[in-house]
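Multiple structures are listed underneath, in structure tokens.
Two complexes, one shared chain (chain A), two partners (chain B, chain C).
Here is the complex of A and B:
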């Protein structure tokens, strides 16, 4: 059983790098501190790069779920960044 | 309103900046900037503001594009010669960014129309080439409580300052009165290096963007001067003048007025 509740979802399979990260970042910006976002993303470049970029922004990766259809769901907890006002 | 995928891509290099983000980009999209003068300063400023996604850009200029403008007024192209500058500028801005609205004002800005013109805008850029217009824009912006960017360029030199209501001096605090007609040559008489408009006009666009997103320090209370030949930037601190005729404690200027224009003898 998951120890988190998903507050919001975003699908970034309809865009390509670097907009994948931008779209995920924007969705995270709109959450409150501590809320959880589930990001649907494609295999390959997105799943290699987006989690790393999100981690670099200071957010917490909770889980990466393989959907078995060439997509993943990346579950991220929003951590408030400095200078985000 | 959420940004579309297309907007996320177009503005991705802004959104990725922590100082901008989606919030800042939305502020830019919702903002209204008026550029007075579609010339050496207004041209680069208009290009960058359009590209940045400033949602509404007003551009005011009575002139047509002249062949001698093209050395520096990079928003106009050779086929535009003879066309109204505001239309030529509008076409280029909309070609860069079809998502923005460009309002054109093909008129000389004077005391009779400036208050109406600036009323709808959040920030004003002075891209004019003469002292009467610069004092008029200053007085109107002070009276209407509008922030604006002053700039001037001549030969290999340029300068700019930013006025924000209730924060720091206005242009008149610093320069008091226009010089006597013909005491200072216009750039038509004196010449100006084309890239100077690019440097100073781009800095004006930068000030507008920073004001809109509310980040960083503006050139309020400072005059930035640039001497290209010496490659010297100087930031000169300016005091607010308590007896300034327009922004002082007991102002004598209560509505905008026109100074006499110098007659160009060239």
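Here is the complex of A and C:
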């Protein structure tokens, strides 16, 4: 995987589904196109579902990092689709 | 001449508690109605019924309080509005479906055209007892496939495209069956654990899982007086031609072995699951 620089971070371990995805989506929307967000999320439902929802929104997932403490960091590059404007 | 209530019932006119009033069952396929059909239904319910409709438990629409004297007029007006009457009694009933892959991101199969095909092929076909088809697009099972005499569930059979995989690990977590493990060599899938849900392919950010659509069939579900979950024992079926061979064979089995007024489930229980499974498996294996 190509190198990346994390521009922003968001922690969604303090909320439950479906707010997990909403919080991540809002954080992504505050970024510029091409910027990278690291999302800290819990094991279980969040890590099962949030990556897929972000993919369906059209953003590029770069990496999923296991923090070893029951949380993960999902690294996402914001992609702005033309038809989303 | 007396009223032929049986013929009326078979044609979708369900006798009500109130004498000479009928709740008219309409034909709905896969839970979809056009705006034009809805307008026609609304007008008829106002003109001939009590100004409301009832949504049934299986995506049907009924117009209550149709009077016996108006039956023919209602039929004619419905037809003009592009709406057909439903069926009741010992035959193939409404084919139900979720919205499937055409609408829903979770869908693995296009459910509505399949519901239309099945309905065109079997709707109203006479059998020893009622027979219900239900089609659900994926493992989330919004349409409750196993409640039906014959349930069809969409799934994906998956293959890893190694060169696309970055070992990001998203699919390892997305898989709820624990079928995917990450090793130093790359990803490994235990196909015996795979339930064809397709979540790996749907979640993969790099298109490293190639998912191929297929059908998972369950037989003998019933959720009325007798409650039993449909049994799924065939491998995933990847083409429609085989799917229809199996559905044809299942209906033939039912017609051949069931006693009158015996549900498919009871018929299979009596004729023996081993016999039934063998017949279905032989069809699948060509």
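Side notes on the structure shown:
The rule we apply is simple: the second predicted complex is superposed on the first by the 79 of 85 C-alpha atoms of A that agree within 3 Å, B and C clash if a C-alpha of one lies under 4 Å from a C-alpha of the other, contacts with A are read in each partner's own complex, and residues count from 1 in each chain.
FYI, a contact is a pair of C-beta atoms (placed from the backbone, for glycine too) under 8 Å apart; a residue touches a chain by one contact, two chains touch by 3 or more.
It should be emphasised that the depicted structure is a prediction, and the values quoted were computed from it without experimental measurement.
With chain A as the common reference, chain B sits beside chain C without any clash.
Touch criterion met: A:14 reaches chain B, while chain C stays clear of it.
Of the two partner chains placed by superposition, only chain B is touched by A:26; chain C is not. Vertex at the C-alpha centre of chain A, arms toward the centres of chain B and chain C: the angle is 70 degrees, rounded to a multiple of 10. With both structures placed on the common chain, the touch criterion links A:79 to neither chain B nor chain C. Here the smallest spacing between CA atoms of chain B and those of chain C, following superposition, is 7 Å.
The contact sets of chain A with chain B and with chain C never meet. Of all residues in chain A, only 14-15, 18-19, 21-23, 25-26, 29-30, 81, 83-84 touch chain B in the complex they form. Interface of chain B with chain A (complex): residues 3, 5, 8-9, 12, 15-16, 18-19, 21-23.
In the complex of the two chains, the chain A residues touching chain C come out as 1, 43, 47-49, 51-52, 55-56, 60-64, 66, 72. On the chain C side of its complex with chain A, the touching residues are 105, 166, 168-170, 173-174, 176, 199, 202-205.
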